Amino acid sequence: MNFSSDTSAPAHPRVIEAITRANSGMESSYGADSVTQKVRKALSETFETDDFDYWMAASGTASNALALSCFCPATGAILCHADAHIAVDERGAPEFFSGGGKLQLLPGPDGKIADAALTKALAGINHAFVHETPAHVLSLTNLTENGTAYGVDHVADYAARAHAAGLTVHLDGARLGNALVATGASPAEMSWKAGVDVLTFGLTKTGAMGCEIILLFGGAREKWGELQARAKRSGHMPPKMRFLAAQAEAMLEGGLWLDLAARANAMATRLAAALVAVPGVALAQDVEGNEVFVVLPDGVASKLLDAGAVFYPGPDGSHRLVCSWMTTGSDIDALVRAAN
Amino acid sequence: MNFSSDTSAPAHPRVIEAITRANSGMESSYGADSVTQKVRKALSETFETDDFDYWMAASGTASNALALSCFCPATGAILCHADAHIAVDERGAPEFFSGGGKLQLLPGPDGKIADAALTKALAGINHAFVHETPAHVLSLTNLTENGTAYGVDHVADYAARAHAAGLTVHLDGARLGNALVATGASPAEMSWKAGVDVLTFGLTKTGAMGCEIILLFGGAREKWGELQARAKRSGHMPPKMRFLAAQAEAMLEGGLWLDLAARANAMATRLAAALVAVPGVALAQDVEGNEVFVVLPDGVASKLLDAGAVFYPGPDGSHRLVCSWMTTGSDIDALVRAAN
Amino acid sequence: MNFSSDTSAPAHPRVIEAITRANSGMESSYGADSVTQKVRKALSETFETDDFDYWMAASGTASNALALSCFCPATGAILCHADAHIAVDERGAPEFFSGGGKLQLLPGPDGKIADAALTKALAGINHAFVHETPAHVLSLTNLTENGTAYGVDHVADYAARAHAAGLTVHLDGARLGNALVATGASPAEMSWKAGVDVLTFGLTKTGAMGCEIILLFGGAREKWGELQARAKRSGHMPPKMRFLAAQAEAMLEGGLWLDLAARANAMATRLAAALVAVPGVALAQDVEGNEVFVVLPDGVASKLLDAGAVFYPGPDGSHRLVCSWMTTGSDIDALVRAAN
Amino acid sequence: MNFSSDTSAPAHPRVIEAITRANSGMESSYGADSVTQKVRKALSETFETDDFDYWMAASGTASNALALSCFCPATGAILCHADAHIAVDERGAPEFFSGGGKLQLLPGPDGKIADAALTKALAGINHAFVHETPAHVLSLTNLTENGTAYGVDHVADYAARAHAAGLTVHLDGARLGNALVATGASPAEMSWKAGVDVLTFGLTKTGAMGCEIILLFGGAREKWGELQARAKRSGHMPPKMRFLAAQAEAMLEGGLWLDLAARANAMATRLAAALVAVPGVALAQDVEGNEVFVVLPDGVASKLLDAGAVFYPGPDGSHRLVCSWMTTGSDIDALVRAAN
């Protein structure tokens, strides 16, 4: 009954198999190996384009910060939701990697930046006024931190407005697979076709050991050399890159990542349905991905914790329960039994 | 015939087995898992002390930079050899992590800091002179970048002098196992007993997938909280830490890392002996660990490269050939055949 | 009719006289001169204590950022009002000087941090939770950016609560003189006696050419060496420090700075009274110092601008008019004539 | 008998007069004032071009670091002499302002980068090798730290080679006037005509209170916006810029700065001649500007110090005596009397 996070799950067995397969013979270091080269082809198929460059890192914090620091200068700012992972859960990584850039926090319900807040922020950019820090990047998160999903049209609209204001568009896709399953969009539709310039494509929460891919699309590729230099100097160029690549290979092959995301989403839907049937329990947020935010009546939360369930507080007195590719119907049944 | 680097080798099978073993069930994230806890015990036995804290990262650059940045303030400097990995191969990672600290490069033959250079540098520290950047850390490398080994007494002497000048002592042990085998010293003797305050304990080159352990000994433990915060904000706190821990567990168990280092060292000794038997070939540097620096006569280098051998240039026109735990007698025989 | 800013005013003649006086003979550089030494005595009398260290810089941005960076580590955060000068008018200086620290923006009416917002922020500090950035400093501004003044009791209450949570207390006193005149408090009462650890004591807006003094009180003095090092490396240790010191000397002598602040405050009171007598004009904010925030009816603002008046927009459609030591009754009369 | 530094001298009276003149009436802040605008015209005449942008700061450290940080990215390096002021006397300012860039120190006699060292450094730049930090800027100093002067041809040659390697050329002209007097070159000849892209034009040592001008020439002007942003966030945009501008105005008018530099150079020549006439005294370095490096026999240095002379040690056991616009023949006579 561990619903604490999708990162508490192990890796999918096919990831381990790929690691084992990759563990053979001598290979060039630092990304010049044969497995890393194969990932390029798999990404090309997944995103339906060859117009991209990529780098892999072992954590989402690293991937986000590296991606952002290539587009936000030390004297600039990044627009993001006030509850974004980059704002509240990464210990200042964007500020550190960018050399002292700022996050400009925007409000909005359901974990999404409010339309009016974006409009105001974009209108407020004034490069001629040297005293204020102008935004250079818009960072969206999909799934959001509230477990909701931006639709493709929403992303495309925000991206177009950001581009019109001269900004680069970043998508934190730590749970991209869950968002795609939720919206029915393809990877290409949710990224470069919607105007995303740089993507943090998360595979860890979905089922890898630790593998997040930074993709630069189209014009953003001009930062490819800088991305590598920043990866190197921040320690995110491990010599035996083949083991990051093997994870990506396994997750992308046959769309495993999407299957696993679909499984996690389905379990969350089931969990939500089962929980709201418990007297007094209500959803704090629509369940669109693999996260369930619920309001638990007095006593229910402690009953669950006493029974050994693991989960964390969410915003405004709610609780968050996360499903992963490992979550089973039995886990859910056991939880619901304990709640009653 | 790939002698390019010990990082071109795969991981030892026991590392993969440990990864596979760790890949079971739910675990807490960010280092609160059961495997990470076991590593503490193994480190305690390896280093014969409980007076330490540790963190794991996937690259040596990350580990060195994190370690150094806890002890060198942004306004300070790090003393190191002019050819140190932190100086020439880490794309400015120490400067980045420390917030703009300086490396003060010291000369010396055989990859070791010259006695007089250290004396002069320590004597030159003047905290009262605000215009100059005073050294706060002495960073030694063992094996050195020239493949030589500092003896325990040498490290202890330099550490004592650095301590007397108020410095913290860091040891870059990317090839610590090779240095221990070379000198016959124990891990404890070469680290905290010799005055090392913070150690980068490398396991990747020795046989892991990607695992380097930062150890804080004794008084240096006061930086434990800061180390974690710095690891987090630099993206070196991957959620599924169990997979870093599993590597450490496998490498430490039964002293596997030392066995593998011994094997690599022995192969380097054998390689050196075979090479100097080739007419015109001479050692550029005494072989003490797993690296062989040779001067190859005109024609020999190209003959080897034509035969498919892989290796890189060393300093002053020499060439560097590195042995790993994977290197076999056949590899060496094939190389030497090609050289003749 | 220039009401744009108190920084548009020239320096008081006694400041120029002191500069001229200081311009004689050879002096040691970098603060070891005789004039700088005299400032210490004047500060001691002004703040009724010897338990302080100080440094001078030519801009408020420099002084604030230097002060904050000594107390907020790169992994930490600074609590401040959402409209604070350090948040919106210093182009990311605190983030830059601290090496990537964060500002945590707190709401509150009248430019003052709301009591509940401070309570919540302090309660939310969790040094054990490595993912979030914990606050290390509370930065207050007095006069606030809305031209209002915190009373001594208010500062002391907030400081006590910040201290209880382990924070250092910084006061941005760019308009300290105006705040003291407004509240009747003495320099000592508004600073160290109220729990302020580090003060940016602004003299530029009050009547200097460019001189802001950073004062470290009591326990904060342990950062004195670091402050100097940070001043040097950020270019805020000009060789001929005597010219900064001469400004401080002139402003402190006989309490000139307080006389000038009182004059500016009195003019603002008179300006406010005259403006609200104009039909349709209302105060947007109580006038407590030397700044007047007014709501001007349609047509009045443009009438004033057409007449050559200079002033800037304030928050929420208001306008800001600032008085300085140079502002005269005739300036005000002319403005009000133009408004009618 | 104060020969410690040209920064120990006061400002020239005409500088104070200009300050006094500027201290009248209201002016726009942050460089939009009328005095700052006049400086543009004076610089245009001084450097015989309109193809430039400029900013003023109060210290050489600030000006150098701001200039360099616009052209050296955080992942890059700056080539400079091992004894350059930016390397040894600025407490890591270039590293701080650039966000962790590196200085790559080059040797050479007489304070000048040796030809072969530059050749080797330029040849070693390899942007394709991500592990090493490639140079982006060549920084020359004229006068050098040894008091010698690069000739125009020397600067032009080095600049051309640096440009061919893709580098930007910076000139630290803290003592530019002294170098121009020494070589007979014009400001234009020694800067943009010789290939200098960005100049730190020092006026403080020559006779200002504290005023150093950063000039961006030609293509380097594309960094003008970034330079302003960096000036603002580092606290080098004081509100009452008119007082920096007034200094520049006075120094440039009628070539005062060159007259003062010529006076200081002449005094140094006279001092050197008088000192070498003292038995046992020898020049450690040719005197080309306003600095005299001498080897003093045992006893002479202490005799001088006992007599109240002020001067500092130079390299290799020598002593440095600096003349300024204030130095008189009587000062020199008194010193020489004390030496005999």
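Letters A, B, C and D mark the chains in the order given here, with residues in each chain numbered from 1 onward.
Operating definition for what follows: a residue touches a chain if its C-beta (ideal position, glycine included) is under 8 Å from a C-beta of that chain, and two chains touch if they have at least 3 such contacts.
Just so we're clear, the structure is a prediction, and the values are computed from it rather than from any experiment.
J.: Using C-alpha centroids, which chain lies at the maximum separation from chain D?
T.: It is A whose centre lies farthest from that of chain D.
J.: Looking only at C-beta pairs that count as contacts, which pair of chains has more of them, B-C or B-D?
T.: B-D
J.: Express in whole angstrom the distance between the two chain centres, defined as the mean CA positions of chain C and chain D.
T.: 33
J.: Express in whole angstrom the distance between the two chain centres, defined as the mean CA positions of chain B and chain C.
T.: Chain centres of chain B and chain C, defined by C-alpha means, are spaced 50 Å apart.
J.: Where the CA atoms of chain B average out and where those of chain D average out, how many Å apart are those spots?
T.: 42
J.: Would you pick out the residues of chain D that each touch at least 2 other chains?
T.: Chain D, residues with two or more chain partners: 74-75, 90-92, 96, 99-100, 130-131, 229, 232-233, 237.
J.: Considering the complex alone, what residue numbers of chain D touch chain C?
T.: Those residues of chain D that touch chain C are 2, 4-5, 7-11, 13, 16, 19-20, 22-29, 57-63, 65-66, 90-93, 96, 204-205, 209-210, 229, 232-240, 243, 310, 326.
J.: Within their complex, state which residues of chain A touch chain C.
T.: These residues of chain A touch chain C: 74-75, 77, 88-92, 95-96, 98-103, 105, 130-133.
J.: Show me the residue ranges of chain C that touch chain B in the complex, using the header's touch definition.
T.: 30, 73-75, 99-100, 127, 130-131, 225-226, 228-230, 232-233, 237
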